[in-house]
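A quick write-up on the structure given underneath.
Just so it is clear, A, B, C and D label the chains in written order, and each chain counts residues from 1 on its own.
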Amino acid sequence: MKGRIFSVVGGMFLLTVCSKGDRGTVQAAPPAPQPAVSSDPTAGAAGGTITGKIKFTGVAPKNPAIDMSEEAACKAKYKTTPTEENVVAGPANALANVFIYVSAGVPAGQTFTAPTTPVVLDQNGCRYHPHVFGVMVGQNIEIKNSDPLLHNIKAIAKKNRPFNVSQPNAGMTKTVTFAAPEVMVNLECNVHGWMHAYVGVRPDPFYAVSGPDGSFSITGLPPGTYTIEAWHEKFGTQTATVTIAGTESKTANLTFAAH
Amino acid sequence: MTSVAHAKPAGGAHDAHHAPMSFWRKYIFSTDHKIIGIQFLFVSLFFLLVGGLLAMQIRWQLGFPGKPLPGGGILPESMVSGGVILPEYYIQLVTMHGTFMVFFAIMPLLVGVYANFLIPLKLGGHDMAFPRINMWSFWLALVAGLIMLSGFFMPDGAPRAGWTMYAPLSARPDLSGATISQKLWSISIVVLGLSSVMGSVNYITTVINHRAPGMTWFRMPLSVWALFITAILAVLALPVLQGAAIMLLFDQTIGTHFFDPGAGGQPLLWQHLFWFFGHPEVYILILPAMGMVSDIIANGSRKPIFGYHSMVFAIIGIAFLGWIVWGHHMFMSGMNPTLGSTFMVSTLLIAVPSAIKVFNWLGTMWRGNLRFHVPMLNAIGFVSMFTIGGLSGIFMAATPVDIPLHDTQFIVAHLHYVLFGGSLFALFAAIPYWYPKMFGRMMHEGIGKVHFWLTFVFYNMTFFPMHIIGMGGQMRRIYDPTIYDFLKPQQPLNEFISYSAFALFAVQFLFAFNFLWSLKFGKKASQNPWEDNGLEWSLPNPAPHGNWAPKTPNVYRGPYEFSAPEAGDKDYLPQYTKLPTDRDPVPAPLPATH
Amino acid sequence: MRWWLPDAGSTFAGPIDTLFLAILIITGIALVVVEVGLVTFVIKYRARPGRKAFYTHGSTRAEVIWTAIPAVTMVALGLISNHYWVLMKDKKSIPPNAYHLGVHAKQFEWLVTYPGPDGKLGTADDFTVRNQLHVTVNEPIAVELTSEDAIHSFFVPEWRVKQDAVPGMHITAWFQATKTGEFEIGCAELCGMGHYKMRGRVFVHTPEDYKAWVAQQAAGGTE
Amino acid sequence: MTHATQALDQMRPPHPAEPGSGVYSNKLGMWVFLASDVMFFTALIGSYIVLRFGMSSSWAQPAAVLNVPLTGLNTFLLICSSVAMVKAYAAIADGKKYFLRQVPGKTLQDGGLKFWLLITIICGAGFVGVQVFEYIKLVGHGFTPAGYREGSLLAEHALADPVKYGAGVAGMYGSAFFTMTGFHGFHVTCGVISMLYLYFTKVLPEKYSPQDYRGIEVIGLYWHFVDLVWIILFTIVYLI
């Protein structure tokens, strides 16, 4: 019941947003998604930085292969059989696709303006690119379909209004935003059961996604003591506490346990 | 409730003295059954147009999948992308086309307009039994329609579960993708049901109690008989839909689980309830058409209706059988196959009364003296098209043959042959026929004839090929048939259908023009332009408020005494004409007060 | 351009197509009678000066005739149809030696579960393939239909097979393919925005090919 | 058809075209409306039966969840109101428009229309009141249309004794119970409001007479119908 009321309210909100007519246009995806850096209003020398590497112990489970034989157009985009991206391990047990964000320590009441550059979510070869990413509340996400077939994008969210839109043709785009902080919002495609993406919605720009080598960096942090939390779709979460004074750069390495 | 307890007994009685009324009382909040009928006419013609516009978009998508819809740019991004109709919008289109056409166009056009307009006029009453309830019934219907329409302006668009609203798709927003509008559908249907029940209570009471002296049961015109039986169907069927819609609404809002299998609910329960209403509804949509067509064919043939009594019993028979066939919509639903067998037999039996009606219409024309005025043309069109619709139904009634045809375009063809070829042709006959009594002018004959012929041709070009692509296996409500190898070869036919559909839609503007133009410039009508026998033609054009009040006409004979020998040189003999040999009807002795 | 039902691909197609043809002939005759009657009357009895319509209220004999004929035809048709209906849909008609497959419908995919080498469902060696139904020709197959979310309908035109998959219900539909080759599965019940995209493919193999395919799948390879 | 000019016994059909239509319009209209209402409740009750007996797991024992004695009392209240309605009808039929009147040789005063209709209204309103009270209590215990609320008293009981409390069917139970009793309650409320309306516009001004008391007879029909429906609901929901 409550959820429904929210959805209605959220609906009205979305209506007002859409009515501004933000008809999305195709844009080139930004390089390896480090939204925090690109979207930090106070970017640059000011503020401290947290960098680190995400690793995991144990053996990474094998990613199941995806049978795309019923989607010739997607299958054609791969030389080898594509697999899911549940655990993307780098050299030396580096762990990619981990969402790292400051879960506590950012002074309450401090507000940050969302960057105007949209995050592009590309559906290409019947997979989501990127697989894990972060946005700020109110920041545009531009969903685009690069496959000549139907994808539907269903957002399963608790704090945000769920949506379910579809893109039958290649080149179609749709812009959406999230109204409330939520880690994580799940995106899925019901036409292709294997397609999943995860969005971390944050009120501040202090978040990052670990790269193929497991490294990440959160910049522009004002002095203070922060709890950073790392989220992985299979391995759960890890936290660490970091104290920043001035413009120094601290390292925080986090390690997950593969079970 | 209170209004029942309060409405004046003799309907128009309290208005019988014709005090001049304000515009509002006279045309907006009128309690005059004729004005209410006309209000229904304009409103439901509007919804007919809406339904048509939706149909055109459906045809565009099916004929030219993936091509940008002309003028689609004006639609919001949630419906089209780069002008291309999105799948979620497409299923809104099919849902709302069905909903509007069935609930807000055809049903009110037949029942709301003509039950209101004809019952008192043809039975010699001064008004409905409960004029105020009658007014409410109209305004509730309008409100229901607007609630339904508002769905399109909700953030996630109109309802998306098909006009049959099969649960759990309709009950769960996470499956349909529509949150608010799904609830609006349920609410709108509950309101509409209330309106229909109010109307039907009125019609039934009026037919039983407000007949002029001498208007015995078997002197009632078939149109009134049909509308009477229809009202009975509506009174018994719509509350069931209301009940179902309320359960659906509760599932959607307060978290009940009627149709949610997870908690022990039953999806099939919705289908049983819906079709228990839905099949009688099919006859609500066709019986009045049959009745009015009977009147018009008798008039056009200048001949008494062939087998009046069996026509009456055929109507009753169809209505009765209508209650025990709902399961034939569910042959593939996983319902117990044994039930399927019984439903198949009862369904096939409906062919019998239907055949009686068709052959009796033929018998009426046989050795007649046919006048091809526009109503007659459309009535003949009705007979030939309804025949196709009825016969194509036999294919689906035979359960094994239904397996490949169920939920394909074959069904779409069948139901359009009944609802368009049947009901709508009957309306194209009825509207010009009673137009003079409504507005005092005739609709233009020439335009009418052109409209009939073009409609007839394009209509068949549109819907007949649907049988073939249905046999080919094209499923209903699919957004893009071309992704299926077995449907690709049929695409040219789909395009042909679309072109014909656009033409068919365009032609309807002839009718709209004729209708509106004639309001002001139509030729003034004589009191009885069709030389008909009905009581309504004894009134001036347009019929005054209160009809015959304070006096009441006497009825001397049945409604179809065309070319009767005693008529002399005239070939018609109105029910109200008193011949020297006629004696005035004696009102039955008043029953003692309980 | 096809003007008829899809090519027959199962044992059901024979009786269904024959029945279809029979009904087509019956209704065809009725249609011709009515339409020809209409046209002749329209021409023959059109109003002309001096003519007057023949005054009659009908003929009981005629009405009895055109009541009786449809009644008899329809009852006969009902009996014949019912025979085949029971054969195709009744639970008791499912051949005991049928080869069982699980078909799980969800928005908007068909997930087909195969019994694996041991030929039994619900054992460890079962495997599931998306949108692909592989069966053996000339062998009775029973698909056990279930649904995840909305109501879907399993439809293979060439086989003349259609059965709704209803959430919370476990419905078994059987058939026997008579032709090897590739066909398509469609969803015949509106199940949401992706309804039309719920397309699967059917592969009818010879027994040897099927065994080979099962073995290869069980080995975990995708094609 | 009657006209404002022409005075006619209002308790007779306005215009008998032929024998057989011996019922005046308001009464006839009410009968037809009740027929449709029968179909409405048939839909609800029918679904209830289908769902309840289509269940795999056992249904909750009514007494375990519901306050049967209280509702029994409530049922009695509704029956009393029906009786009072009959008395009111009889009163106006023989012209007793008054509230209470002393009858020579009798200790008890003789009640007229005003008295008996008031009793009817009070009993009806009382019924609604008790039902609302019961709802509040039930929801308090955790019995909601969606089932047993998490962590509520009933939820715990259901865990302890799944059979008695029908843990497996709580959702259906709540759905059916609140929908059916709720819509009956709605009907009673409509009836009470209509009767209040009649009471102030027609009964107090003494508009009714042995020649015309259609309002009373028509609302009476409705009231007895609602009563009858409750007897059925009480039996299948509270007793079985």
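Here is the rule we use: a residue touches a chain if its C-beta (ideal position, glycine included) is under 8 Å from a C-beta of that chain, and two chains touch if they have at least 3 such contacts.
Keep in mind that what you see is a predicted model, and the values were worked out from it rather than measured.
Student: Which neighbours does chain B have in common with chain D?
Tutor: Both chain B and chain D are touched by no common chain, going by the contact rule given at the top.
Student: Between chain pairs A-C and B-C, which one is joined by a greater number of C-beta pairs in contact?
Tutor: Per the contact counts, B-C leads.
Student: Sort the other chains by how far their Cα centres are from that of chain D and give me the top one.
Tutor: A
Student: With centres defined as the mean C-alpha position, give me the chain A-chain C separation in Å.
Tutor: 46
Student: What's the distance between the Cα centroids of chain C and chain D, rounded to whole Å?
Tutor: Here the centre of chain D sits 49 Å away from the centre of chain C.
Student: At what distance in angstrom does the C-alpha mean of chain C lie from that of chain B?
Tutor: 31
Student: So, what's the distance in Å between the C-alpha centres of chain D and chain A?
Tutor: Centre-to-centre distance between chain A and chain D: 58 Å.
Student: Mind pulling the residue numbers of chain C that touch at least two other chains?
Tutor: In chain C, 107, 192-194, 196-197, 199 touch at least two other chains.
Student: Please list all residues of chain D that touch 2 or more other chains.
Tutor: none
Student: I need the residues of chain A touching at least two other chains; which ones are they?
Tutor: Residues 150, 152, 164, 166.
Student: Let me make sure I understand the interfaces: which chain pairs count as touching?
Tutor: A-B, A-C, B-C, B-D
Student: For the complex, which residues does chain B have touching chain A?
Tutor: So the residues of chain B touching chain A come out as 66, 76-78, 81-82, 84, 86-88, 154-156, 173-174, 177, 179-180, 253-255, 479-480.
Student: Would you pull the chain A residues touching chain C in the complex into a rising list?
Tutor: Chain A residues touching chain C: 65, 67, 69-70, 81, 149-150, 152, 164, 166, 190-193.
Student: For the complex, which residues does chain A have touching chain B?
Tutor: 1, 4, 7-8, 11-12, 14-15, 18, 21, 23, 150, 152, 154, 162-169, 171-174
Student: Which residues of chain B touch chain C once you look at their complex with the stated criterion?
Tutor: Counting only chain B, the residues touching chain C are 86-88, 91, 94, 160-162, 166, 168-169, 172, 175-177, 261-262, 265-268, 301-308, 310, 332-334, 337-338, 340-341, 344-345, 348-349, 351-352, 355-356, 358-360, 362-363, 365-372, 380, 383-384, 387-388, 391-392, 394-395, 398-401, 403-404, 406-408, 468, 471-473, 475-481, 483-486, 489-490, 492-493, 562-565, 571.
Student: Give the list of chain C residues in touch with chain A in this complex.
Tutor: 106-109, 111, 129-132, 192-194, 196-197, 199-201, 222-223
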